[in-house]
Amino acid sequence: MDRSRLEAFSDGVFAVAITLLALNLTVEGPGHGLLRHQLWEHRWSFAAYVLSFFIIGIIWVNHHALIKSIVLVDRTLLFLNLVLLLFVVVIPFSTATAAEYLPVGGADVKVAMALYSAVFLGMSAGFGLVFEWTLHGGRRAVPLPPQAHWPARLRFVGGGLVYVVAIVVSLFNADVAFILIALTAVYYIVERTPAVPAAPGPADDSARTG
Amino acid sequence: MDRSRLEAFSDGVFAVAITLLALNLTVEGPGHGLLRHQLWEHRWSFAAYVLSFFIIGIIWVNHHALIKSIVLVDRTLLFLNLVLLLFVVVIPFSTATAAEYLPVGGADVKVAMALYSAVFLGMSAGFGLVFEWTLHGGRRAVPLPPQAHWPARLRFVGGGLVYVVAIVVSLFNADVAFILIALTAVYYIVERTPAVPAAPGPADDSARTG
Amino acid sequence: MDRSRLEAFSDGVFAVAITLLALNLTVEGPGHGLLRHQLWEHRWSFAAYVLSFFIIGIIWVNHHALIKSIVLVDRTLLFLNLVLLLFVVVIPFSTATAAEYLPVGGADVKVAMALYSAVFLGMSAGFGLVFEWTLHGGRRAVPLPPQAHWPARLRFVGGGLVYVVAIVVSLFNADVAFILIALTAVYYIVERTPAVPAAPGPADDSARTG
Amino acid sequence: MDRSRLEAFSDGVFAVAITLLALNLTVEGPGHGLLRHQLWEHRWSFAAYVLSFFIIGIIWVNHHALIKSIVLVDRTLLFLNLVLLLFVVVIPFSTATAAEYLPVGGADVKVAMALYSAVFLGMSAGFGLVFEWTLHGGRRAVPLPPQAHWPARLRFVGGGLVYVVAIVVSLFNADVAFILIALTAVYYIVERTPAVPAAPGPADDSARTG
């Protein structure tokens, strides 16, 4: 099986999920007060939209790098990748729920933020499964030297620990959990070290674009 | 005609359909009781979402393997493939309907589960049409030895029989039909034998990724 | 500019539009009468879904064949292609409107069916613009001998005349217009003559899949 | 990293965003007056749909040309491209809001048109960030001679200035702002000079299609 169709399908799912996020942006329309007040009341929707957009964007960029290191696509990989996508696709729902409850507060916003964090944790765990698959069974991916396994794990999957912390924090203060996830996203956007080498040969796209 | 655009269009439809599934995940929002109760009340929606997600995922993986065996794309193939996609695209609707009626029970849930099974049966029949097309007329696909036709048929299209059974079971007990479909999906995810060889030459993607 | 990205973007739009068609499939849900009665009441939605699905599928297949004959992509072509896509994207709306008014009848169903036909006419006209672009200015596409221009026009664009007739018929009898469009779709699915040769060279995908 | 997956993901987002625009096209349906009156009342939705469709189309065509000049894809480029896509994805929302308020008038329509213009300005700024990235650091893209930087900037990013003007004009007269944006779109569709050369080598798609 080939890598290109795995990428095409995953890119399609990432692209649709990231675009469906924006379906949550709405205003009540004429007859529901001044438009600028309506927009202000939906400020949490806009913040949650931007945050979820960049988190999907980060996982897409990392997916991009990880899949490029793969040389042998099998059915196991395809299904592990589906676990990752299962959670990516739920992000518009968890984002909409968080955005609806953030301005309300109370017990419900804690549940909403724990759900928001848990969906990202599931996505991160799915990504970790794909990553572990690449580490084991020598011919699957460009081999990483064993001493590079843990640093790569930390870089790729370390974000998952933040989501565990965010779930716990949600139960005390939903706003702090939101800020924690946002700061992690900013860190991942700014941070630049490549984590894995790309597969060589005809699949080496750096040759195609150089 | 070329195989790559058939794949690209099919992947697009699979990706959008699998993502639209998640549009059915909603909660009523603030003012409709505790959020955790609302989430619990929608547990059937989540279960149906996960099941339909993996069934679309399985058919995508099989489609992937089948299309790779094809060497000659003609208009007949394109339209048979459209029959398959016609049913894939209806899955978010049949899933939403099943999820709405599963907690209600009564006569309607039997109709809803029969519809849910029938759409999968249609998808399976569409897949079977594409598969039969590859078996006949020697230059269309990498030839399977005749003694391999029936085993491949069973592996590729055997799932369709489960959906016939599920339709009948639905009319007696919708929950049992749901569990039957779920067990079949788990079987297809775990099972690993490749069913058809890939087409060689420049289209042989294992060369591109190896 | 390259042909592959034109194909990728067009395929994306076709795939999303064909999938969004199914968003029009809904039932009112529990508490609105028997499910099987609700499904029956929406029979026009299902019929309109299937018809629009195959009409988008036919234009995709033809688009596929036409773009393969192109050797030189310029900005004019990209914008003519956008005119085609502008109408493709409106099809879910015109389909939903037709499906809503077909069971109602009266003066409104004539307007709804005229709109349904007019959107297909616009799509057909957009396709015709792309096709005419390929005929003129020698280096743009694999040249067709002049005596083949009119037969190719008839095959590619002749469907557009049916939509003109369908608009007029709509104003007298919406059901007849619907059946006329459906019969034309069946004709295009069954009919098999290729209309244009493919571009040779590295872009010749038959070489890639053979 | 490779250019092709950046293109595939971007094309997916452009394709979904341009198709979701049409979700804003609706009529109230039977029992809400004559259909032709309903369609007339939604004329601003249709006008806003067409305008936003072509503006997304123009940015896609320009994106297409710009990405072709790139030889080295890094994480910075991927995130700058995400900023561009962040605004593209919001266009269906800003379009729907503008279409809802244009027939209403008053103070709200000024806010709605300023929002409509501001989202295009954000998209234009995101495009400008990607473009500036290509100009600096010699190996990233086919080098433009320094004297060509400002003409290319004007052609690629000049549209952004129109959106600044449109925001200001919106606060006085929303209709004039709408017409200003529409005239700019027509200019960009008619104007034909290529702005940047394409990257040579295996990635040179003109070789693939020529």
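Some notes on this structure:
Here the chain labels run A, B, C and D in written order, and each chain numbers its own residues starting at 1.
Note that in this section a residue touches a chain if its C-beta (ideal position, glycine included) is under 8 Å from a C-beta of that chain, and two chains touch if they have at least 3 such contacts.
All of these numbers come straight from a predicted model, not from anything done at the bench.
Superposition angle, subunit A onto subunit B, using Cα atoms only: 90 degrees, a multiple of 5 between 0 and 180.
For the pair subunit A and subunit D, the fraction of shared interface numbers is less than half, so the two copies use mostly different residues to meet.
Centre-to-centre, using mean CA coordinates, subunit B is 25 Å away from subunit C.
Centroids of subunit A and subunit C (each the mean of its C-alpha atoms) stand 36 Å apart. The residues of subunit C that reach two or more other chains are 8, 12, 15-16, 20, 23, listed in rising order.
Every residue of subunit A that touches subunit B in the complex is listed here, in rising order: 1-5, 8-9, 12-13, 15-17, 20, 23, 70-73, 75-76, 78-79, 82, 85-86, 89-90, 92-93, 96-97, 100-101, 104, 107-108, 111-112, 115, 199, 201-203. Of all the residues in subunit C, the ones that touch subunit B in their complex are 7-8, 11-12, 14-16, 18-23, 25-27, 29-30, 34-36, 39, 49-50, 53-54, 57, 60-61, 64-65, 68, 189, 192, 198, 205-210.
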